[in-house]
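Look for chain A in each of the two complexes below; its partner is chain B in the first and chain C in the second.
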Partner chain A sequence: MFDRGEALALLQLGDSAFPAGGFAFSWGIEGLAADGLLSDRSDLDGVIADHLAQRWASMDRILLRRAWHASDSDAIAAVDRLAEATTPSAEMREGSRRAGRALLGVWVKLAGPLSVSYRARVSADARLGHLAVVQAITGRDAGLTVDAAELVSGWTLITGLVSAAVRLGLIGHIESQQSLARARAFLADLLAETPDDDALPSSFTPFIDIAVSRGPLRHVRMFTT
Partner chain B sequence: MSRLALTRADAPMTAARVGIGGPVGSGKTALVEQLIPALQARGIDIAVITNDLVTAEDAERVRRSGLIDPERVSAVEAGACPHTVIREDPTLNIEAADELERRFPGVELILLESGGDNLASTFSRDLTDFWMFVIDVAGGDDIPRKRGPGVIRADLLVINKVDLAPYVGVDLARMQHEATEVRGGRPVLLTNCRRGEGIDAIVDLLEREVLFRS
Partner chain C sequence: MSVSEPEKPRLDLSFVRRGGRTVIDRRLFAWPFVLTRSFHTDAARPDVLSVILQTGSGAVHGEDRLTQRFRLHAGAAVCVTTQGATSVHRAEPEARAVEHVLLRVAAGASLDYRPEPRILFPDAALSQVVELDCDPDAVALVTDAFTMHDPDGQGRLFRELDSTLMVRRQGHEPLLIDRMHLRNPATALFNGRRAFGSAVLMLPQTHDRAALRLRLAEALARINDLYAAASLLPDGAGIGVRLAAREVRQLRAGFDAIAAVFREIDLGARAAQAPSAAATARPTAA
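Our next item is the complex of A and B:
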């Protein structure tokens, strides 16, 4: 069934032009390229697949679903703290919080009631505001279903990675569309299976984590992560 | 969660936010370095955000200047998009400014230095209350005539490095006249940031037009 209203909402919220600061996060693309581990479209497709399978599907998606089903602000904050505790890399934690807080800030200005309520909590606790958790909160404010919210979450990760690769000169604009199409199919496969409600978040992307963690040591650094 | 923390988190953001944009090398960071002590000398509580394009060099330069508490200087990476981060999607800068206000509740004015750009950048009105665009005479006296959005739409146009005019064949009076003309008479001020010349006029304008002090 094709729901035009929801499809249009997804186009708006999943658009790379949605003003939530996503363009400033490469999630390891910049660092991997600097370390000689990513130089063309084939490498990029591999990194995207790692991101989706080894981090997003098993970590961000799980956190998003847990936050989505959380009964109140305390329960959401507990999921947020779980995100903090299960992200070993300080740079990844910081990046996740910055991206989440930026998204939350937009929805506060859009007067999303859950966002406004949770923002007060996030402002008073430096450990809160992780992206996946905020995606659940803002998705509910946007009137999405949980399926739609996790689709936006996965898709905006993909567009962010590909866009960063274009701006770093790793791929061209046509290759970017090829990477997006491939990643889109992979994301659809991942979304076809629903995780258990009691699934715990986990990730294993050591090269990406190391590339992001080394960010502050690099002289040339254009992206937040 | 403390009551104090809740109160601060919910407090409205009141500090004036002033953008400083302009081409690479025009003297934006030098202007910030001059404005910091000049604003402080007038008792204005300030903080700074820099949008470095490829390094954290500008932020570190300001932090190490000894002019301001380094904790009051935040860096926002631009993801190779210096225009986007101040215009189409200023959320990261807004978050950084909000965070500075939460950490330093008395702050009255936040300077936001853009990453270097061409003549087409403009600041979002959701991000800044007032913004200035900095060009320099060594970039050529034809810059105002090109009527870039930065030159035309800024609340204040600053022409820096005026001391170099004789050495780069620039008729400074004509450049200033043309700049004022293309801007419809809106403010154009001349500076030599290396020597601090012209800075007081900018601070006067900020006090009058932004902080509403007489």
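Our next item is the complex of A and C:
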């Protein structure tokens, strides 16, 4: 059944205008383009598919679900430390924490009770605040279901990647809509299958990992990741 | 996070430092592992014991359950390699080979663990876990890599690869869990590359990681057809390197470049401990 209230909430929380600083992250798009591995819409669609299937679905989504079902703040922090440990690249970890902390900051200002409570832990431990974990916390504060929180998580990743490609001049606005539509269908396929509760996080995005990790060595860059 | 418990080791080696050299003080192995003589061949590092691990079968098969354990006691210095790349053959639909490698490195010890890449044949299925427990005052280089090969030249790929590299300090909560799990991968995922690898370089806190990372980046950038990057591991424990190469030879060149940096670090540390050791070096077998 179509739930208008939840649909409107998704439009608000999944909007690129939501003030969580998502525009600062390209998650490898900039680096791959700089290294000659991404130059057009076809390449972009491939990178989005890799991000979604080989990282988001197998890692971020697993962490989000674990944090969602965590019984208390200690258990959430344990998932957050797992996010830290399962991300070998310092630049990916830093990006994930920066994005997560920015999102958490917005929800603290919106007086989300779980967000306010968890913010104290994040302030005391530099390893905490990863995006997938914070998406679970803020999703609960927003009154979403876990299914809806996952959807926002996957969709904001897609819009971030496509937006970065447009701003880098790799694709135009019409092509961006074509990429969004394709990625949207792929995300729906991934969401149709529910991972096991005891699934272990994993990823295989070597080109994205390398492109992001090479970031600090580049002379000029627009994005944090 | 937990992974499956390892079975009883079929290769169990323990190393100690005696009289300025590293020797084996426990040496147990069973089929398919074979261990012949080990050597002290490095004039600049006379304490280092080189071990070339062999397997009688020369391959990993679908039903294999293989556990290896290497324990380096305080001050031991060991370089472990394998006889060559290990083929992982097809597994029956419900089967997959399972391998565990347990590495324990005590204070002041040095481990250079560089097995040759796995060659994943069509329909191969492998689960492997490498667990490194490294003391904060030890150094370790651990590499892991795979490539793909279809003897019929049809581009068929492996069925499953579940690979975990886990790093701990003194039995504490893992500070790194680098896990990939691929099932029936599509060719496009590999973007025209056939060899993929990772390396972790564990170092005491006294080393300048940022400078080391730059040196690694420069060394890796000189290798054609290798896409690679070095990055700091969680908790500042060391440096991780991710590599993607057209072929295994470029991947090997990348590992060699990393090992050369590791060797410099190790030489520097040991020179500081025993400046006269190199002058008395004589190659020997152990």
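In this section, the second predicted complex is superposed on the first by the 225 of 225 C-alpha atoms of A that agree within 3 Å, B and C clash if a C-alpha of one lies under 4 Å from a C-alpha of the other, contacts with A are read in each partner's own complex, and residues count from 1 in each chain.
The rule we apply is simple: contacts are C-beta pairs under 8 Å (C-beta built on N, C-alpha and C of every residue); 3 or more make two chains touch, one makes a residue touch a chain.
What you are looking at is a predicted structure, and each value in this text was computed from that prediction instead of being measured.
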| task | State whether A:207 touches chain B only (first), chain C only (second), both chains, or neither. | result | second
| said: A:139 in the overlay: touching chain B, chain C, both, or neither? Say first, second, both or neither. | reply: neither
| task | Have a look at where A:154 lands relative to chain B and chain C in the superposition and call it first, second, both or neither. | result | neither
| message | With both complexes superposed on chain A, which partner does A:89 reach: first (chain B), second (chain C), both or neither? | response | second
| said: Contacts for A:120 in the overlay, against chain B (first) and chain C (second): which applies, first, second, both or neither? | reply: first
| task | Based on the superposed arrangement, let me know which partner A:112 touches: chain B (first), chain C (second), both, or neither? | result | neither
| request: Determine, under the contact definition given at the top, whether A:219 touches first (chain B), second (chain C), both, or neither. | output: first
| message | Applying the document's definition of touch, where does A:100 land relative to chain B and chain C: first, second, both, or neither? | response | neither
| request: Determine where on chain A the residues touched by chain B overlap those touched by chain C, and list them. | output: none
| remark: As the complex stands, chain B meets chain A at residues 1-2, 5-6, 8-10, 53-56, 76-81, 84-85, 88-92, 94-95, 98, 102
| request: Enumerate the contact residues on chain C facing chain A in the complex. | output: 1, 3, 162, 173-182, 188-189, 191, 196, 198, 214, 217, 227-235, 240, 242-244
| task | Flag every residue of chain A that touches chain B in the complex, lowest number first. | result | 17, 19-26, 98, 101-103, 105-106, 119-121, 123-125, 164, 167-168, 219-224
| query | How about chain A: which of its residues touch chain C in the complex? | reply | 35, 37, 46, 50, 54, 58, 81-82, 84-91, 93, 127, 200-204, 206-207, 209-211, 213-214, 217
